[in-house]
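A, B, C and D label the chains in the order they appear, each numbered from 1.
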C-alpha cells in the first residue's frame, strides 16, 4: 500500500482527492492536512465522509509528513509548496503539487503572472509537468510533479493534435473557456455566494488569467514555436465542469476525415480522452465525476477556421483525478487504477 | 458472472442502473431494453457511456430475455412488469421490478391509487418487498422482487426505529418530502422543462400521491397496526436527492440519548444507513451518487413532537442502488458489491 | 415627495427596497446607509443600479438621518434598530424596521429566542406589527413599524382564515417551510457558497428558528388563544421565494366549498393575496419579483387534516415589498403604489 | 390607448411581451393568440397572471386581428408571419414580427440558413430592422418591423462602435455567445428538460446557427463591407440572459481611453446601452428583467486583439422589450415607456 499525505485536504480539490483515494485499492491516506480545521474531524468538514473517514485534520507539516508517507499531494494556494519543499524532503518522498508553483519553466513568467516571488526556483527544472497523455515517460521517473491547471489540461488536449500536425496557425488561437464554480474554491467570498453566481454568467480575468502562460508554454511545445494566445474564462452557475471552445485559422484545406484521423491517432491509446463522433458537441454533464476529457471539432469553411471543443470535470481530470493518474504512473501502478469512474448522469 | 437484462434502460433510473452495474465486478449486462430507442446505440442516448458501452438498445422482450439472462430489471412505468411476467418466465429468471406493480399487497389499494387494473395479481403474495434493511432474509430467497419506491425508502428508514419502539403516535405522522427533478423521469413534458423547474418550488400530488399507501403499508408493519398518514411531496430545482421531514407526537417523555440509542441499535449493522450526530441535519448533497441514507431527528419539547429527517439519492438508494443491493442479496454476493460509492461533493 | 433613508441598503433586502423605491412615484431616496461600504458608489456594490443611482453609500447615522428624511427603513441585523431609536428620533421621523426588534410583544420571548438583550423595550408596545392585511388601520397611524418576518408573513396569510373560522385545531399546526437562499443574506459564509447550496436541500434551525414565536404570536391573535407550533425551515437552491406547507387537524367536517369561501371572504379586498383555484398548488416562480402571496389548501378526508400552502417572494412581500406597502399606508398613499409588479416568468 | 394583438402569446417571448405590456400605460391588449391553448384562460397557462389577466387564449387569426387592433406582435416560429401577412393587413395594422422572417434582406440567404421557402419575399425590402439604437428614424415610419434576434442584438451593440471607427479588422471577428435556456423556447423536448440542462454547458449550432447571417449583415452595415464571422452559441443552466464575448484584431494601436471614447460617443444618448467602467465585466444577472445591454471591452496588448463583451436579458432587450421599444417609436410614444425597469437582483 502506498502511504499518502495530503496538504490542503479541505479545499474542493483536496476533498475530491480524498474521494478518489478512498476508492483506490493500492492507497492508504495517512495524513489529512488542513491548517483551517486542525483537530476537527474530517467528516465534520465534509459530511459525505461520515462513517467513511474517522481521522481528524492535521497541521500542514511537510517535514513530518515526509517521514511518514510515500507521496505528498499539495492542494494549496500558489506559493505554499514552493515555500516548503527542500532537498531533504524530496529525498524521502514524492511530491505531487496541485498548485501552479512548478508548472511554468520560466521563473520570471511565473512571478509576473502570479505576482509572487518563487522561493524554490532551483527545483523548477527538475519538476515534471504532469499531463499524462503528453509526458508519460518523464512522469514515471519524477519525484516532484507539477499537476497541470484545469483550463490548461482541457485546452491542451483539445488543441494539441492540430498543432502537432501543423494544420492551424498558432498565432490565431483564441480559447473561450467556461467553468463551474468549484474552480473558485471554498473560500468565503461574496462573489462566490449562491445568490451571486446563480442565474448569472460573466467573464473574469480577461486577458490576465494566470493559466494563460501555462497554456502558451505547453501548446508551444506541441507547435515547436513560441505561442501567444487569447484566453477568456467565464464563471458558469454549476458546481463542476469545464468547457473550452477554441478557435484557430487553418493553414491549409483539410477535410473532416483528415482532422478526425489526427485526433484519433493522437488519442488512440488514451483511455481518458474521448474523441466524439461527428457533430457531437462535448457537454460537461457527460463527463461529470469522471476522469474523461471529451473532445471534438468543427471546420467552418466559410471562415477557414476550425472550432475545437473540450469538456471535462475540473475537479477530476482538471485536478484530483489527474493527480491520481500521475501518482499511478510514478508508482508503477496501472494508470487508470481508482479512476475507472463512469460519469454520473443526470 | 451474473447475466443481467434491463427493460427500460433509457429512463433515468435505468441509466443509473447501467452506471452502477458497469462498476459491478460480478455482473455482465446482456440486454439494454428500450422501446423508444430500438437499434440506437446506447451511448448515443447516454453520451456518458461513449467508449464504455458499445451495445445498441433492444426491444423490451421479456420472453426472449428470460432465456438469455439470470436476472431482469424492469425500470418501466407501472403496469408493464405485471403485464409481462408469467410462470414460465419466473421459472427461468429472477425479476427485480423497479415499478410499483408488486409493492402493495392489497390489490384493491394498488388499483385505486394507480388507477389501473393489476394483470398479474396472483404474484403479489409471492413478491418480496425489497427494502434490504428490513426484509433481508426474504429477499435472499425471492424470485420476484418489488424494489421499493424512492419516497417510501427514505420515509420508512427515517421513521421506522421510532415505530418499532412505540415512542410515537402513528396516527400523527406527517411526512413532508422534497425531491430532485430526476424523480419526474425523462419524459418530454412542459412541466419538467428547465425554465419551469429552475428557481421554483411547489408541492404536487397533495393528499393523492401514489407512494402514500406504500409508505402506510410498510410503516404499518413496523407499528403493528394500520396507519394513515399525510404525505406531501415537493419538486426541488436540483437533479438528484430526496429529503424527508417527518413529524409525529411522542407517546412518552424520552431523552435525546434514548432516541439516539433506538436509531443506533436499529442500524448498527446497516452499512447504508448513517445515523448522524446530534444536531446535524441530513442534506441531500452529502449522499449524492451513493447508496447512503442519512437520518437524524430532533425532539421538540415545546410541542411534544419529534422531527425525523432523512436524505438520500433518489436514483441510487431510491431506485437503482437498492435494486443492485437486492440483486446482491438474491445471488449470494456481498451486499455492498458495486455500491461502495463515496458521495460526490460538491 | 416623501424623503426616504435606508439603513442597511446593501443587504439583499436593502437592495430590493432600493429597486422598489426607484420605481415608486412618490418617493425620493436621500440616504443609502451601509456601514460596510461607506463612500463607495452604490452602483459599484449593486451593478444593476449603474446609471440609475449615482449616490455613494453613507454611514448608518440615524440621528442625522432623522433630520433629513420623512421615513427611515432599517434593513439591518437584529438589535441595531433597537439600539438606535429614541424619543427624539421618533418625534421627527417614521421608522419601518425590517428586523425583528419590535415584532414580538413579549420582551422575554424576544430575548430568549434571539439571544440578545432588548435595548429599547419601552417602544415595543407602541410599535405596530406591519402585516397590512391584518393591521391596516393601526399601521396608518404608526410611527414605529415592525415589518413582519418572511416566514411569518407567508405562514400567517396561509393559515389565518382557518383560525378565524375556528375550523382547525390550533394545537396541531405544523409548518414546513422552504426558502430561497437570498433569505440567508449577503454575508460571506462558507455555508452560503454556491457549491454548498446548489444541488442540495436541508432543514435548518429545526425546532429553534427565531421566526417561531413571531408566527405563534400572530396566529394566536387570529385563534384568540395561545398557540404552540412546529416550524421547520429548509434551504432551497434558488435565489428567491418562500413556500410554506402547513398541516392541521380539522375540528369539524367541512367541504372544499366552505373552506374556499372562508379564504375568499378573508381576502376579498386584498390585492396582494391570491386564493388560487381548486387543486392549483402555489409555486414560488409564479410570484417572483412581485408582492403577491398565492395561497391554497387541500382537505385530506383520510386523515381529517387540511394542508395549507402559500408562496411568495421572500424579498418582496417577505421584506421590502411589504415595507413599501406599510410606508404607503403610513403616508396616506395608495396602498399598492410602486408595488403593481407583474411576477416575472420564467 | 393603442390596441395590441399578440400571435404566439404563450411562448416565453410572448409571455414576456404580456408582462411588459401589462405595465405599459398607453396600451391595451385585445387579443392573446395561442393556437395550442385556444379557449384556455391565459392565467391557467401562465399562473403569474392570475387575477391580472382574465382573458382566454384565441386562435392566431391575423385577418380578424387586423380589424380589431392597431399593432400585431408575432412571437411565432419562423415562416408563420411571412405566411400570413398581406397588403390588406398591412394597410390596416402595424406588424412587429419577433421571428426572423423579415430580418435578412437577401432572401436566398434566409432560405439557405432557415431551410424554408420565404412566402412573402415582396415585403422584405420594406421591412425595417428594429434595432432602435441604429435605425431609430426608419422605425418611426415602419408598418412592418423585423424585431432583431437576441444574439444579433447583443453582438451588434457590443461590436458596432469599433466597426464604425474602423479600429478592428472585421475579418477576424469571432463571437462566442452564452444564453440562458428560455431562448430555447417552451416546447416539450428532452434536450430542454431540467435534468439535461442543469449542471451542464455545451456549444450548439456550431458554425451553423441561424443568427449568423443576421449578425453578419448588420455588422456589415457598420463596417461598410461584407463580413464573415464565427459565431458559437452555448446553452447555460440559467433561465434568462445572454452574454457575448467577441474577439477581433486591432488595426492600429489604440489606448483604453480612445476606445472608451468611441463607445461613449456611440451610446451617449442611448438609455438602454450602458458602457461599463474600466475592468468591469458585464454580467447577465445585473440586467435581468430589464431592457439594458451592458457592454465593455478589454484590450490585450500581447495579442493585439480586443475582447468585447455584452450582457442583456434575452427575453427583454433580446425579444419582448425591444419589440415594445419599437412599438413606442412606431406610435410616437416616449421610447422608454413601459421599459423603465430596474434590473432585479438577486
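Following the convention adopted for this analysis, contacts are C-beta pairs under 8 Å (C-beta built on N, C-alpha and C of every residue); 3 or more make two chains touch, one makes a residue touch a chain.
Fair warning: this is a prediction, and the values are worked out from it, not measured in the lab.
Shared contact partners of chain A and chain B are C, D. When the C-beta pairs in contact are tallied for A-C and for B-C, the bigger tally goes to B-C. Averaging Cα coordinates per chain places chain B and chain C 38 Å apart. Computed centre separation for the pair chain A/chain C is 46 angstrom, with centres defined by C-alpha atoms.
In chain D, 12, 182, 195-196, 198-199, 237-240, 283, 285, 288, 346 are the positions where the chain touches two or more neighbouring chains simultaneously.
By the touch criterion stated above, chain D contacts chain A in their complex at residues 174, 176, 178, 180, 195-196, 198-204, 206-207, 228-230, 232, 234, 236-241, 243, 245, 247, 281-285, 288, 298-300, 302-303, 305, 307, 309, 311, 346. Interface residues of chain D facing chain B in the complex, by the touch rule stated above, are 12, 181-182, 186, 188-190, 192-199, 237-239.
On the chain B side of its complex with chain A, the touching residues are 12, 15, 19, 22-23, 46-52, 182, 199, 239-240, 274, 276, 280, 283, 285-290, 294, 340-346.
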